[in-house]
Amino acid sequence: MADLSRDTLRETVIDAILAVAPEADVDALPPGRPWREALEVDSFDFLNILVDLEKRLGVSVPESDYHELVTLEGLLDYLESRLAA
Amino acid sequence: MPSLGADMESGTLVEWLIRPGERVERGQVVAVVETQKGAIDVEIWEAGSVERLVAEEGQKVPVGEVLAVILAEGEKAEGESAPADRPTPEAPRAPSPRAPGLSPPPARATPEVASSGARLRISPAARKRAAELGLDPTGVSGSGAGGSITLDDIERAAKVAEPGRAAPSPQAAPTTDARGAMRQAIAAAMARSKREIPHYYLGHTLCVEPALAWLEAHNAERPVAERLIFPVLQLRAVALALEAVPELNGWYRDGAFQPAEGVHPGVAIALRGGGLVAPALHDADRLAPDAMMAALRDLLARARQDRLRSSELTAAGLTVTNLGDLGVESVQGVIYPPQVALVGFGRITERPWVRNGQVVAARCLHASLAADHRVTDGALGARFLRQLTDHLQEPERLWPT
Amino acid sequence: MTTQTIAYREALRQGLHAALSRDERVFLMGEDVGRYGGTYAVSHGLLEAFGEARIRDTPLSESAFTGAGIGAALNGLRPIVEIMTVNFSLLALDQIMNNAATLRHMSGGQLNVPLVIRMTTGGGRQLAAQHSHSLEGWYAHIPGLRIVAPATHEDARGMLLAALEDPDPVLIFEHALLLNVEGTVEGEPHPMELDHAAIRREGGQVSLITYGGMLHKTLAAADRLAAAGIEAEVLDLRTLRPLDDAAIMASVAKTHRVVVVDEGWRSGSLSAEIITRINEQAFFELDAPPARVCTREVPIPYPRHLEDAAIPQVEDIVAAVHRLMGGPGSGEPS
Amino acid sequence: MPSPDTCPASGAAALDDPDRARALLWQMLRIRRFEEKCAELYSAGKIRGFLHLYIGEEAIAAGAMPALAERDHVLATYREHGHALARGVPAGAIMAEMYGKQEGCSRGRGGSMHLFDAGRHFIGGSAIVGGALPLAVGYALADRLAGRDSVTACFFGDGAVAEGEFHESLNLAALWQLPVLFLCENNRYAMGTALERHQSQVDLAAKAAAYRLPSESVDGMDVVAVARATEAAADRVRAGQGPMFLEYRTYRFRAHSMFDPELYRDKAEVEQWKKRCPIETFAREAVASGLLAATARDELEREVAEEIDAAVAFAEAGTWEPVEHLCHDVYAREVRP
């Protein structure tokens, strides 16, 4: 999974979100805005998305890192760093 | 005493026409008996001799009772022989009229219709359909004769994720008219709630740092799939607070409060694409953390697939709504009739908080209670809210270790 | 098959003619049925065709000639007793109930009474109280009798033929207002079975259940309702004893609303029996309380405007349905 | 009303056939003993409801019935045990019917007042006074139309002459000249009302003649007079000369029914008529004229007693119709819509 390009990573994340919130309009998401509130993803959905990402990317996000995942870009950066490690 | 007529039950012996010791022939008139229709001659059907007269003149004797003892030819009078040997008639008696005593009056059926509250006017077909759909018809407005609820009303309400009612399955994106129908059903319930329930509201902000610390520590070494989410703690706290103040857990129906037997808080679940349902989490007070998490996960999944059980739609004695998830600081909810309370949790935000005289930044949230003033007063509501916040601030004591 | 358009009375006459010509055992007995050709000209021409032995004018002795009809039926013949109107049948009620209806059961099944009694019924011709009765409901109360009400011309011809083949006493009620009504029939008269109701108009929103003279008013009401967007189903009972429960419940299950139209007086009427059966057998199909339109409980008055007010009219049927279809204002009982 | 002793004397002396004499006495005796047994069983509660006994009128059923052929039809009233016995309905079947057992001649459903035997054309009981008269007209009408030479005999009491159906039926039968034998048993009391207190014209034969019906009055206490008159009438009717009316003047020795204190007549009158008991007078004359041996009476009594005891045993052993059969035979063609 090492050299996953950013675009494919973005697609994977969006798929994970859509799996839980099928009618979420991720593209219309203004950059830099907290995606959970915008897409009305409650704590349950968020947990399910993390479970999905762990399956897809093998990355298990500890609770202490949740604050880094507030924006979509933040989430992607975090995942990239974890994958690169 | 012979039966001398269809409706004769007894007769009065007027006159004996024979004396003890006399001979009698078959068909001989031996006595005169007074009946309600007049005096009638009584015949003897066997020849013989009069041993003794049992009934006295003027005595009223029921049909079948012995009047006299006649000895057939050659029969000796033994001691007190059995009364006249006439075979007791085996032909079935006409069913004897029931004992004349008054049977106890039927227990007064407890009136289904309470004195003040009107009985729900709903057609049998609509009531049956509502049961099939697991729909609580109380909130549905009637378009039928006299404002009664009809089949169409139920069918329309069924298309709507009306509170206490399963929503359309997530795959089928609700069509526009379904959304309209959903809106109408929620409107009906909320209008009724506002119309009938005298709400009072209480709120309290509490610091949740200890709870969150406990949660992070609990989740630290667990894979994502086994982690707990904060609502689990909130529901636990609500369950424990209800044990202290049971008056907030039940229903107001037919003019009286009916306490719920168990602690089954309704969990407000927002459905994708709009609509809301608040199925009951059964026995929330008895679930260990992981069991409650599993129960919540299952409830959420079934809610979104429109496969909730009818008991889950009617068991909740109060509802917990967690709009905090969606970034709102405080919630002043509207109670779902016929429940008597609604707990609202706001969003967890970092706020200035005074601790030991120092102002620090701490993650806090606003907890609110909306309650039915017909059932409880502010004092009782406040006690509940204090219990709730105390429990949340001592997470390690939420569950017995 | 040739289609004819004839008056209801002509259909009755064709039925009688066919019955008399097909079975030697059949004979007609009643007041003025022979020389006079029938007070309603139904038996016109039969005396000439079949002779005095089989077309017998009787004295005004309803009990005697009805009883004689029963006796002749007991003794192997197939009499048709015509009682001029249901109003005079009261004089023969003892023979009809205590002999015709009862003899089979009371004799332990040894006897049966294959008798047909025809009588006209109903009001609406300003004949005042003693000549305007609708008593089908009374007779439909008596075990041992078969009661039928031919509302269409095919039934008017054919029910008589089926009744004559029936081993039990059959009473046929012919509504007086139908006699002049024109209708179509197919081919030769043929027996029309006596055991089932018939849907005369399909509809999905309300069931209108009726019989005999009220059928044409009910169909008219259904047309008016259709114009107002309400599709009514019209069920012609045809047999009043036994009632065709299956057909009634099937219609109620389809439409969930029912109005019974019955020219009898409301209290203890046939409509009361039908609605009770619906409550017993189709309660959970009901989306509104069952309703009925009956004759007002009054001796039928002579003046036209009062008689019209007493006897169910098309407007009454339409109003009853509207009350049933709903709207908060429609709560009062019809 | 002519008093009993002026009736024309015929009686047994007018007979010359010993077998016929024995048969008449036997028939009257078995009716008398049967009715006495019924009274006993009613007091014991075995027979319930209403019970109307024929004691005193036996000469009519015993004398008239032999005049009717097997193919003739017989209709009677609720006092019809004697007619049923005389018509040949087995005593056991009648007694079982009185018990309400399903071995009864009406399967236990009719009881004392409704004895039926279609095989023997016995359309027995009708509890509605005058109710059978129109039926008889119908039976005769059907025979006439079907070309059969049967006669329909209809027994009824003096009470029936007050009913509309009496007048309507006699007129209809006379109008259509139908083969009906109207046989009126005038026992002088309609239940509790003496004839002269309910009829303007008490001469019933004259009343029937008003419908241009040949009618005759007969001493109902004389079995031979009854037999002769009925035979002659039956032959006339069978020969197609139209209906005929016979009035048998008779008297019932017991109450109208089992619950009747007989306040309407005095005991002396009853004793007066008992002197003309149809059985005792006929037996005495038959023995006196040598038609019957002195021992005949006892032999017949024994024979009758055996028959009656067997009938009671048959009824006692009878069974109740299962309640599941309650609605059987309401219709001949059951319809299950």
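Note that the chains are named A, B, C and D in the order they appear, and that numbering of residues resets to 1 at the start of each chain.
Methods note: a residue touches a chain if its C-beta (ideal position, glycine included) is under 8 Å from a C-beta of that chain, and two chains touch if they have at least 3 such contacts.
Heads up on the chains, UniProt names are A = Acyl carrier protein; C = 2-oxoisovalerate dehydrogenase subunit beta; D = Pyruvate dehydrogenase E1 component subunit alpha.
Since this is a predicted model, take the numbers as computed values, not measurements.
Colleague: Ignoring chain B, partition the remaining chains into groups joined by touching, separated by vertical bars.
Modeller: Leaving out chain B in thought, the network of contacts falls apart into A | C, D.
Colleague: Give me the ID of the chain with the smallest distance between its Cα centroid and the all-protein Cα centroid.
Modeller: Centre-most chain by C-alpha means: C.
Colleague: If you tally contacting C-beta pairs, which comes out ahead, B-D or C-D? Let me know.
Modeller: The comparison resolves to C-D.
Colleague: How many Å are there between the centre of chain A and the centre of chain C, using C-alpha atoms for each centre?
Modeller: Between these chains, centre-to-centre, one finds 79 Å.
Colleague: What whole-number Å value describes the gap between the mean CA coordinates of chain C and chain D?
Modeller: Measuring from centre to centre gives 41 Å for this pair.
Colleague: Mind checking the centre-to-centre distance between chain B and chain D? Centres are C-alpha means, answer in whole Å.
Modeller: 69
Colleague: With chain centres defined as C-alpha means, what is the inter-centre distance between chain A and chain B in Å?
Modeller: Centres of chain A and chain B (C-alpha means) sit 49 Å apart.
Colleague: Among the residues of chain A, pick out those that touch two or more other chains and give their numbers.
Modeller: Within chain A, no residue contacts more than one other chain.
Colleague: Tell me the shape of the graph of touching chains, choosing from line, ring, star, complete and other.
Modeller: Contact pattern: none of line, ring, star or complete.
Colleague: Throw together a list of every chain pair that touches.
Modeller: Pairs of chains that touch one another: A-B, B-C, B-D, C-D.
Colleague: Would you tell me which residues of chain D are touching chain C in their complex?
Modeller: By the definition above, chain D touches chain C via 73, 102, 104-110, 114, 116-118, 123, 126-128, 131, 133-143, 145-146, 152, 164-165, 168-169, 171-172, 175-176, 327-333, 335, 337.
Colleague: Which part of chain C faces chain D closely enough to touch in the complex?
Modeller: 25, 27, 53-54, 56, 58-59, 61, 63-77, 79, 94-95, 98-99, 104-112, 143-144, 146, 166-168, 195-196, 239, 242-247
Colleague: Please name which positions on chain B make contact with chain D in the complex.
Modeller: Listed in rising order, the residues of chain B that touch chain D are 2-8, 27, 35, 37-40, 43, 45, 63-64, 86-87, 89, 91-94.
Colleague: Considering only the defined contacts, which chain C positions touch chain B in the complex?
Modeller: 256, 283-289, 323-328, 330-332
Colleague: In their shared complex, at which residues does chain D touch chain B?
Modeller: Contacts found on chain D: 36, 39-40, 42-46, 48-50, 99, 257-261, 263, 320.
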